[in-house]
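Next up is a structure, given as structure tokens.
All chains are identified by letter, namely A, B and C, in their written order; residue positions are counted from 1 within each chain.
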Amino acid sequence: MLNYLEQGWGHQFVKAFGMSFSIAIISFVLSIIIGIGATLLASSRIRFAAAIVKFYTYLFRSLPGILLLLLIFYTADSLIQSLVKFLTGTSDASVSPVVPAVLSTSIVLGAYATELFKAGWADISAGQHEAGRALGFTRFQSLALIILPQIYRKVLPHLGSLWLISMKETALLSIIGIPDIVRIASLGARSTGAPFTFYGIAIAIFIAFAFASSRVFSYLEGRSRRSMGAI
Amino acid sequence: MELMIAYTREILGGLSTTLSLFLVSLVIGFILAAAMAFIQIRFPGHISKSVWNLMFCIRGVPMLLVLYIIYYGLPLLPIVRETFLWAVFSSPFWCTIICLAIVEMAFTSEIMRGAYFQTPKEQIEAARSLGLNGFQTFRAAIFPAMIRNGFAAYTTEVILLCKSTALAFTVTVMDVMGFANEIRSRTLDIYEPLLIAGFIYLCITITTRLALSWIFSLISVAGSARAEAL
Amino acid sequence: MPDSPVARSVEIEKMSKWFGDFQVLSDIDLSVKQGERIVVCGPSGSGKSTMIRCINGLEAFQNGKITVNGVELAQKSRVLEAVRKNVGMVFQQFNLFPHLTVLQNCTLALTWVHKTPRAEAERIARRYLEKVRIPEQAGKYPGQLSGGQQQRVAIARSLCLRPSVMLFDEPTSSLDPEMVKEVLDTMADLAQDGMTIICVTHEMGFARRIADRVIFMDQGRIIEEAPPSIFFENPREARTRRFLEQVLH
């Protein structure tokens, strides 16, 4: 195993981890933004907004992730390419496939996040909105100061699992050719003929990562419980 | 239009494979999950802790990796290659089933374990004070409570499993996604095959949801009035 | 000896119990004759629930001895199941099985534990549902009944096993005021029939009406034990007097 690492695979894995990790983090953050946005949209007075959000989450919960990723990836890719072409006027401008890749994972994860936030939102009783209104807060203030902190506490445990799903979801990008951990493991396995070593390393990375993440999230949960008191 | 019909016909050729992947791994996964949950509940302490950790690890690994190590890795072991196991592990179809079942086991056993420990203590005491023995208490009080507590999560899990079958094409299984992908690389049409496949998956997941809620209403009669009481 | 052991329904001798380091019950001595009606009262946390839960083995105790109908309690499933056949228990939260109808709740233990044939079990169940005055609810689910009705089903469910002792742990505490009476009346009927009853309750009117003896507990000890006439009119202990002042007004 050590001589594989010496052949440069160690370096490859480090880079791949960086790739997976950054895609996961960006997608995670974007999906949360999508989730909050869609939740606000669903509870707004805009006509059909609630129905559209519902359709989005239902559809995305019902379709295989890899299928959605491929669809969104190719759509986003061609949109971005033509946008760049339009802006720069050159026809050979190329954008890294990482951008549409991140977009596609974000939109897929966004559906999960929307479900979480909608559930959290439904839990915060109408009374809380009214209490905010009664204290003279504007709609935005009561959202930022009263509602969102409570939702944060409600959804935090679920955000932990959303985060793990984000990390795992990046594995699918290897199918599109993004050089993430799984892709590097596959390349290594194929070129050295040692699949156990290479897939084993990849699996170990994910497991270590899952343990580390669960530590971080249980710390965050403990902190939010202490700071808000028990309800 | 003609083309769409031709594609649809071709992709539907993978339907039976997709459904068998789904249903066979669902059953095997459920049995394994029940066994793992049983071990964790029955043997508290080290055994329970290590099984839980193992399940946690499996849940943390992308399914694609589990699939790859089963399909590409295991055949290298002499014990796999030179025994009857080879019949199983040389088939991408069965490798996918094993992978799906293992992942399903890891998630479902946690749902079962959680549902078990959510059983209200009062329900167990009521059963005990009527003189019911351990197994009877399980049947009368714990199992129904587990269904009440765990069924929604289990439904989600089953849908996830159904969606996960779509990864089978990465190890050359020709299921719905496999045929869609084949058309995609042959014709360079991206959207038509994927949308058709998506529609098929949508039908499967909707049917699954309906079937599960029907089963739920069968095993827990008078659902709503009862659920409110709790 | 004044009585043979069989005439004693429940006999608690020098029983003590700890939760970890915390002693919940200290040296409890209580002897209940067959057909006797005991009401247990006392401030919250005094160990009333814990004591009666020890009698049917829902809680284990560390010191002392409990004998129910001549069988000495031990944390062995054979002993516990034997004792529980003779001891019915009704809880504050009813604890009916929500997925079973009223009738099925009542017949469950008859058919499973006592191996009574189904038709016979249903006949018995209907008889006791009649006794608690809700025969018409037999086909409903617990969730469709009011609190008072649910509690009466719970009583019927225990009675079906024809126990020789009934334990009640604050059976009316989680009921709306207008439903308390129907449950207390049901229990008074039982008392009339000569059932041995040990009941934790704060319904002092009920205690006065049916109890042979009232027991006052505080901090895990039995402080006072007297017939209701003496207990309410002329309690011996200052703590009892303070408690009575609080609950009676």
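Definition applied: contacts are C-beta pairs under 8 Å (C-beta built on N, C-alpha and C of every residue); 3 or more make two chains touch, one makes a residue touch a chain.
Just so it is clear, the model here is predicted, and its values are computed rather than measured.
Student: So which chain is farthest from chain A, going by the mean of the CA atoms in each chain?
Tutor: C
Student: In terms of Cα-based centroids, which chain occupies the most central position?
Tutor: The most central chain, going by mean C-alpha position, is B.
Student: What pair of chains is linked by the most C-beta contacts?
Tutor: Chains A-B share more contact pairs than any other pair.
Student: Determine the centre-to-centre distance between chain A and chain C, using the mean Cα coordinates as centres, and give it in whole Å.
Tutor: 55
Student: Using Cα averages as centroids, what's the distance between chain B and chain C in whole Å?
Tutor: Distance between chain centres: 46 Å.
Student: Find the geometric centre of each of chain A and chain B from their Cα atoms only, then give the gap between the two centres in Å, rounded to an integer.
Tutor: Taking the average C-alpha coordinate of chain A and of chain B, the gap between them is 23 Å.
Student: Chain B touches which residues of chain C in the complex?
Tutor: Listed in rising order, the residues of chain C that touch chain B are 56, 58, 77, 80-81, 84-85, 87-89, 91, 93, 95-100, 108-109, 112-113, 141-144, 157-158, 161.
Student: Can you check the complex and tell me which residues of chain A touch chain B?
Tutor: 59, 61-68, 70-71, 74, 164, 168-172, 174-175, 182, 185-186, 189, 195-196, 199-200, 202-203, 206-207, 209-211, 214
Student: Of all residues in chain B, which touch chain C in the complex?
Tutor: Checking each residue of chain B against chain C gives 122-123, 125-134, 136, 140-141, 144, 148, 220-222, 225-230.
Student: Along chain B, where are the residues that touch chain A in the complex?
Tutor: 56-57, 59-66, 68-69, 72-73, 76, 159, 163-167, 170, 177, 180, 190-191, 194-195, 197-198, 201-202, 205-206
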